[in-house]
């Protein structure tokens, strides 16, 4: 459903993403791993149109999207979360999630000013769907709290709810479990599985190798902006170059941690 | 004539630079929308005048006196009107600053009257410095240019070479993190205001002396122009402040010298240029815009 | 009181009645800028009008009834002037008004005042349209074109200048005077070498003056107020311009000499008032001003004093009836004002001599006076 | 009707309402959509001049010229709002300030606007051939205000209203969530401008004379102060802020205060005005009616700490609420 | 060296930290674990003077509660804050220099310490002139830790230092914690990765809903059932 080819992005002298080709198949959970600064987030930013690539093509559902503005890509059904949480902190959780449904709705100002039935109905629908999504990510009952006053982990859930509310075809998650403990990671893993269960394709960036191997159908590895591996999780993380660049030499401890999930 | 006009522009530009260096610290570096800068500039001019007229100081003493008075006034403004507003929408600072400006302008009108008054005799005679047959400059303008260069030098040394300079930049970006580094943020901000305001008052004194006039609302327009210069240069950039000031001065001087019957006046042209430059370079001439998502 | 002073508020019919006794104070309104950039002028104007009223009361008032001046700030803004006028009429029930404001506010107020049928005498606003509002509005300062014409006549015929540079302030004051000057000067065979507008509050004129110098004029006519004029003369000398400096009544303030210092020497300008005028009315005004406010009165104060005097004289004649007052004001003739003998023409503009003054030995000195129309 | 109401008080209210409409438009732009504007007087002027020119020079009926003026301001504002799309948001205050000065300068120098002489003899509003008196004008502006408030409420609570809110808080997020930020920003400028245009048109016909000095930076700054003092993003706040700052000087006019030197009374008035701005900001930094917190939990003022996203926001040095 | 007694912190009506008492002795590594929203960050923010709190906090025998942050830092506490909070528009090197602000160190001393940090995180050495704000998430985390070390603190507080870091770096960081501990530095460590945290710590506290529910040696905590289940991902 998503096909990137030769995607490149440079910042001054630094090539953050270098000729990356990646295919995402419908219905899968694809893990994107790699050392810090490998270009994973940058790659997401290119996919979602926040950065314009310096080279390469991207097609989504058979349509080229690399030249489209962000909001069009979002409306085409690709939603994301941000590594550095970007919520509207003073607004309620509910209002934050409603934002995610913008592209799915269409009533304009006149409808609102004139109080048209269609606008009202649409608004009700937005509320209902948002509430349902909030429940799905496990924040039921906290709809009215200011997003900024939630703890870090809960803020991540709101981020996911916002991206999820519009039932995107493709969901991009940037480190969804950062700052969560093992039990919470487990919950998040279940949530992501459930989301996929409803037909949403998922690409996720993670540093929790245990989780990635347990959850993902496929894993791609970026190092220094280049893709060095792509395939079955177990086989990928066993590759020596991946071990060297990302995991460090195998060590009981890492394996021990990984074994827990 | 063109050369003379360019020189006029440069010397006018240095007046703007002199006013803007102080603002570069406060607005450019600290990112505080400080609309009372023009008023501080006025306070400086009046302090020097009062020092000479009422306390019979020599010009040089009065000049230092003005720096001290304005510096203190700037610190007080920050303390009273800006500090309580940290962490809220920056526009509140702007409004608070406008309030301070209105207050002080009118207080000075009560104290000194709203008339324009002449600057006291400084003992410096205006003389004309001939650079060539047809190009000349007054000595007072040379002082302004010198002071402008000195101000810029001071700013550079302060920001680039001192620990405090770095701390100011850090505090501007993230006050909490700066305090976690052991920076006494309040003190750093106060010092910045002191220096920025002292520089503003240097400008006020020299301009009042050069044009032999001062009045309580004298800071309004220079204050706005200083904003224009700081933004034009790209917030907080030292070369930006110089180039911004020169552009403004030269544009005004050329439009005065060569154009007539326009639908907009020279101040408007200055802002027109500002907008055009910002459209081409959205972060100002020497500004950097970096965003990581 | 004579029957004429019946009611203090004839315009709002219902409000008159038993309460209106002849011995009540009679209110005259004044509005102008008391705050803001032009507050100095407004304050002088108000002070002058106050002085006139005070003297009037001291001389017995209107058959024992005191006159009170109610002053309102218009902040130099038209909409504030509109409200000020409305307040003076509705709340203070003034019988007449002195306009101590600049052009914009005066224009707005003039239309309103005509509608409310309250007579007004404009002190110093020169907007050409201001008196077109109707028969309730007169002006004691001559309209801009007169000054321009007078200076053209003087520059070309008396001083034999042929090539004049003009700098004018970019408001109606500057544009009106300059327009008339140019027309007349060209008619008389002189030429405008270069013209440049400037703004109130401008300080640095070096570029304009460099351009002026390049045009090599034999006279430099500056149409503006003393602040900028002082800066211009100072910088003109620094630029090395030796041309004869000509000006307008905006120069006529002691501040011009204070700010321009010796550079003002020799500049000649048109005005309508000079403190060295030996006529008793002028001398007593100057004396009273000095006693009350210190310093010397300027042109603007004299105009405001005269505007108030016009109103007070009419009041003396016909009493506090707006309709009659209007009539009496319109018929003002040869009234001995501080700025000459004041007569209102059919167009409600003043007819009085234009005075030429020059700076000599650091003082304003009378040159000549001539009536134009 | 003027027989029943003191026309002076009526006039105060008329101008008060005109300022309220200016304030509402600015609040929409700045409070709801985060686009700080220091050039609001320009839109006010465009509305006033459009209606004045159409009704004097083209002889169009004032009612129609006012409607046309609103449409024209809407269009002009949309165009003038375009730079806001390019310019970094913390420079917007300065660019709009510049725009304001440029446009005022145009009013002052162009032929069509009467240049330095302004435009006079603007026809007053009349109904069935009779000129509306002060009270009649009050009724008209009051109706206009009610309509403005109603529309503003509806707009800000609509889907586009939510988009404005997101743009104010975080433009990157807005884009990533499918919001057409360009369109929304131009739209908010156009609507905010149209509000000012309506205020301007009413102003012109009320004044009968307009000149460039009525549309300067002071007006922009005053209106912004009113909106911020009242509370950004609050309709009640704007109404209150305008009333407070507008009536303060008027009170001085009504009650002469004894014991102070009359010579300086008006300066004391302005000092108090400035002081009030400082004091309100100091003790109610979000304005008198500003949101102090969320429905249930309160975000503390030192809330910066929560923000893990602070480092990225910091890079852009956002002007909008952090 | 750090003694917290009966600490209470509230956000308006939210009582986020209740009656927390905690000690960190000289040379120890103490870890504070707990789920999202338990109040860990709130506790350390109170230590650093960023939040008004009730109770008592003593450091080196002196009360520090109520002191302004910069004074606390000058007394020798450095913190790696949640969310990293590096200075986005300062370069990597300037960020590190800011870290040493409270020390007034000489130029050569600074250079030496900087080399030490570059040794720990070679990536930073490669990027000396890059703006902090454009670094990747993990790179920023390294910078934040490096910056705190530049202060040569006596007590180092780390709020989730491993967040967002690649496994290889996490291991490096925990190695670093072990190393600096060997050098006598005292550490208060907040971690979600409880297994890792308990492996370097001497003692641990478990915080739930703002209250300390367990505290014990790291070894013993590791083997407690509840801890295993909730924080170590032990099979339920």
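Each chain gets a letter, A, B, C, D and E, in the order it is written, and its residues are counted from 1.
One rule holds in what follows: a contact is a pair of C-beta atoms (placed from the backbone, for glycine too) under 8 Å apart; a residue touches a chain by one contact, two chains touch by 3 or more.
Protein names from UniProt, one per chain: A, E = ABC transporter ATP-binding protein; B, D = Branched-chain amino acid ABC transporter permease.
Note that the structure is predicted; figures quoted are calculated from it, not measured.
Asks: By the touch criterion stated at the start, how many steps lie between chain C and chain E on the shortest route?
Replies: Contact-graph shortest path, chain C to chain E, evaluates to 2.
Asks: Highest contact-pair count belongs to which two chains?
Replies: Top-ranked chain pair by contacting C-beta pairs: B-D.
Asks: Most remote chain relative to chain B, going by C-alpha centroids?
Replies: Between chain B and every other chain, the largest centroid distance is to A.
Asks: Based on mean C-alpha positions, I'd like to know which chain lies farthest from chain E.
Replies: C
Asks: Round to the nearest whole Å and give the separation of the Cα centres of chain B and chain D.
Replies: 29
Asks: Report the inter-chain centroid distance for chain B and chain E in whole angstrom, where each centroid is the mean of the CA atoms.
Replies: Averaging C-alpha atoms per chain gives centres 43 Å apart.
Asks: Quick check: how many Å separate the C-alpha centres of chain C and chain D?
Replies: Comparing mean C-alpha positions, chain D is 35 Å from chain C.
Asks: So what's the Cα centroid distance for chain A and chain B, whole Å?
Replies: That gives a centre separation of 47 Å.
Asks: List, in ascending order, every residue of chain A touching at least 2 other chains.
Replies: Expected reply: 41, 50, 82, 84, 149, 152.
Asks: Give me the residues of chain D that touch two or more other chains.
Replies: If we look for residues of chain D contacting two or more partner chains, we find 108-109, 172, 267, 270, 293, 297-298, 302-303, 305, 307-312, 314-315, 321.
Asks: Considering chain E alone, which of its residues make contact with at least two other chains?
Replies: 11, 14, 41, 50, 81-83, 85-89, 131, 133-135
Asks: Please give the residue numbers of chain B that touch chain D in the complex, ascending.
Replies: Spelled out, the residues of chain B in touch with chain D are 31, 33, 80-81, 84-85, 87-92, 94-96, 98-107, 109-110, 173-176, 224, 227-228, 231, 235, 262-265, 267-268, 271-272, 274-275, 278-279, 282-284, 289-293.
Asks: Which positions of chain A touch chain D when the two form their complex?
Replies: Of all residues in chain A, those touching chain D are 48-50, 69-72, 74-75, 79-80, 82, 84-92, 95, 98-100, 102-105, 107-109, 111-113, 115, 119, 122-123, 126, 144-146, 148-149, 152, 155, 162, 166.
Asks: Which stretch or stretches of chain D touch chain A in the complex?
Replies: 150-151, 154-155, 157-163, 165-166, 169-170, 172-181, 187, 191, 291, 293-299, 303, 306-309, 311-312, 321
Asks: In the complex, go through chain E and note every residue touching chain B.
Replies: Touching chain B: residues 48, 50, 68-70, 73-74, 78-79, 81, 85-90, 94, 97-99, 101-104, 131, 133-135, 147, 151 of chain E.
Asks: Along chain C, where are the residues that touch chain D in the complex?
Replies: Residues 14, 34-35, 39, 43, 72-73, 75-79, 82-84, 86-87, 89-91, 103-104, 107-108, 111-112, 127-129, 170-172, 174-175 of chain C touch chain D in their complex.
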